[in-house]
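You will see two complexes here that share subunit A, one where it goes with subunit B and one where it goes with subunit C.
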Partner chain A sequence: MGTVEYIQHHLQNNAVCSADNINPATGLCEGFWTFHMDTILISIALGALIILVAARLGKRLEAGAPSGFQNAVEGVLDFVGQQVRDTFPGKNPLIAPLALTIFVWVWLMNFMDLIPVDLLPLLAQMVTGDPHFHLKVVPTTDLNTTMAMALSVFALIIFYNIKVKGLWGFTKMFLFHPFGKFFIPFNIVMTLIEEVSKPLSLGLRLFGNMFAGELVFLLIALIGGTLAVGIGALFWAPLQALLGLGWLIFHILVITLQAFIFMVLTIVYLGMAHTEMDDH
Partner chain B sequence: MSINATLLIQIIAFVLLIWFVNKVLWGPISKLMEERQKRIADGLSAAEKGKRELELAEKRAKEVLKEAKEQAQNIIGQAEKRANEIVDDAKTKAQEEADRVRAGAQAELAQEVAAAREQLRGDVAKLAVAGAGQILAVEIDAAKHQDILDRLVKQI
Partner chain C sequence: MHYWDAMSDKTDGKMPNLLLISAGSMFTSMVVAGFLVGYWLDSLFDTQPFGLLICGVMGFIGGARKVYDILMKMPHECK
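Right, the complex of A and B next:
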């Protein structure tokens, strides 16, 4: 398998669609009504994992002195709660669970990136017996996942904007912001860009970081895979291991940071939606 | 890699997951943590209160002790004073008693001396009368010469 094919194969989702939507030339699904089964199943499995672990923990909660796992979970909850208290004005019981969900879920989905790139796809190919079986294990390298969350947050932003400021207040935000009443057309364009950039920056940032990270892992994996032939393996294989380890350690930081950024920006955007506009 | 219907599934999954996380993770555990926080705060304030009360009690105990000491000092002082008084009293009484006894003895002595002297005087008078009678060889009528006798007695 060539380098380009290897990478392309790894970046291909396991797509399911009706027969009409399959491109006869490539054999791949096209059009809107396509489902990325790997993205959906893995992200839902990780979500189920959160719920299962939480439910198991909930059965043996210790009120007095928590120990071990409960302590760690409480640490995460406290951390998220602190972020919400620090950046979110006022009270909204939805914000903290939303932020917690984003942080934990995104982190877990990002964490799939740390599993060796070829391990799960190879396993899947062995299990299914199909050497061309597509499996993209990191749901956050799928734009659909990141944009799904970003658009959900965007919907909440608009909802709370209207709920807090009122419909007229929300309209005023477009008309008189940021330059006052003499620049209404300009203001509308500016505010539109400002608002639309929120979900885009949320979704694309996470997607871009994780996609690029995945790509670097693939490239590192290629060092050994393509160059380690004969005596060269003595040099290239250790180099791959070393680079892989380095990027892995760095990536632990990246996945946490990206989950954190997504969470904090969500809190900030919703906080902005909750603040009254001062009249210009 | 493009946007497709996966997006819809992911939105549904995301919303459901938020609901579940709130239900089983955030809700119960944050409630637990809040309760614990409250309990700890209560405990701390109770400890603070206890400490303050202890301090107060210690202060009071010290005051009571000081008062008791003062009282004891007073009582001891009074007792000493009383003892001194009693001793002084006893001394005076003893002195008085001694004086009285001595005075009584002296009076008795004087009386006895006087009585003895009287008796002696009588005896001398009788002796003198007898002597004179013998000298005069005349029976002196004692009744007749009583005044002479009395004068004689006085002269002795």
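Right, the complex of A and C next:
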């Protein structure tokens, strides 16, 4: 397998579709009704892991000074709670649990990037016996995941905009913001653009950062994989290990930062939806 | 009172500061959103390519304006 094939193979999801959606030239699924099974199953498994760990921890809570894992979880809870208290202007019991879910789930999905790029696909190929089996283990490197999460947040933004401001208040936002009552057609288009940009910026930022990070891991993996021939391996293999370790340590910061940004912007956008706007 | 002033008051100025972390992507996503809305309006009213171009420019202007507004909300010691 050449360098290009290696990268293409790793960036290909395990897709399932009906027979008429398969491209005869490439043999790959195309079209709207294509399901990325690896993305769906891994994200559901990580969500289930959160529920399982939370349920087990909930039964063994220690009063007083907690230790170990409970202490770490309480730290995360305090951190998210503080962010919500600081940045969310109204009162809504949904926001803190939503922010916590987003932070932990996105972090766990991003964390899959730290597992060696060839490990899980190789295991899947050994289990299935198919040497061309596709497995993309990081759900957030799939645009479907990030845009689905962003659109879910967007649906909540619209819901709370209408609930808090009322239908007329929401309509007024489109009619009179940002240029005042004499530019209503411009205001409608501008506010529409502004609203559409929210899920775009949420989803594309997370996808872009994680996809680029995954690509760098693949390129580092290629150093040892394709260049380590004969005596050259003595130089290239340690270099790959060193670069891989460096990027991995840096990536711990990236995955945490991206999960934090997604969570904070969700709180801020929902906070905006809860804020009454004065007429210009 | 400006929209963000109200938010800023209610959150002790923390909300605009947090929006700063997304100022760059906010600008680019406004331009992309402008083209998307323009494309949609064009297909709705059959006005290709004017909707795309006008909304693209509006996205650019709106994005620049939004980033400027957020930057102006920064605390003075950070400027």
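Simple rule for what comes next: the second predicted complex is superposed on the first by the 280 of 280 C-alpha atoms of A that agree within 3 Å, B and C clash if a C-alpha of one lies under 4 Å from a C-alpha of the other, contacts with A are read in each partner's own complex, and residues count from 1 in each chain.
As a convention for this text, a residue touches a chain if its C-beta (ideal position, glycine included) is under 8 Å from a C-beta of that chain, and two chains touch if they have at least 3 such contacts.
These figures come from a predicted structure and were not determined experimentally.
**Student:** Quick one: subunit B and subunit C on subunit A, clash or fit?
**Tutor:** These partners fit in the superposed model.
**Student:** Quick check for you: in the superposed arrangement, does A:L143 touch first (subunit B), second (subunit C), both or neither?
**Tutor:** A:L143: touches subunit B, not subunit C.
**Student:** On the A-aligned overlay, A:P97 touches which partner chain: subunit B = first, subunit C = second, or both, or neither?
**Tutor:** first
**Student:** Considering only the touch criterion stated at the top, classify A:R205 as touching first (subunit B), second (subunit C), both, or neither.
**Tutor:** second
**Student:** For A:A124, is the partner it touches subunit B (first), subunit C (second), both, or none of the two (neither)?
**Tutor:** After superposing on A, A:A124 lies clear of both subunit B and subunit C.
**Student:** Report, please, how wide the angle is at the C-alpha centre of subunit A between subunit B and subunit C, in steps of 10 degrees.
**Tutor:** 90
**Student:** If you stack the two complexes on chain A, which partner ends up touching A:F32: first (subunit B), second (subunit C), both, or neither?
**Tutor:** A:F32 contacts subunit B only, not subunit C.
**Student:** Figure out whether A:I7 sits in contact with subunit B (first) or subunit C (second), or with both, or with neither.
**Tutor:** Touch partners of A:I7: none, neither subunit B nor subunit C.
**Student:** Check whether subunit B or subunit C contacts more residues of subunit A in the superposed model.
**Tutor:** For subunit A, the partner with the higher number of touched residues is B.
**Student:** Regarding the shared-chain residue A:S43, is it in contact with subunit B (first), subunit C (second), both, or neither?
**Tutor:** first
**Student:** On the overlay, how many Å separate the closest CA atoms of subunit B and subunit C?
**Tutor:** Between subunit B and subunit C, the minimum C-alpha distance equals 16 Å.
**Student:** Flag every residue of subunit B that touches subunit A in the complex, lowest number first.
**Tutor:** 1-11, 13-18, 20-22, 24-30, 32-33, 35-36
**Student:** Contact residues on subunit C for subunit A in the complex?
**Tutor:** 1, 3, 6-7, 10-12, 14-15, 18-19, 21-22, 25-26, 28-30, 32-34, 36-37, 41, 55, 58-59, 62-63, 65-66
**Student:** Taking the complex as given, what residues does subunit A use to touch subunit C?
**Tutor:** It is residues 86-89, 177-178, 186, 189-190, 192-194, 196-198, 200-201, 204-205, 261, 264-265, 268, 271-272, 275-278 of subunit A that touch subunit C.
**Student:** Okay, in this complex, where on subunit A does subunit B touch?
**Tutor:** Those residues of subunit A that touch subunit B are 11, 13, 31-36, 39-40, 43-44, 47, 50-51, 54-55, 57-58, 61, 63-64, 73-74, 77-78, 81, 94, 96-98, 100-101, 104-105, 139, 142-145, 147-149, 151-152.
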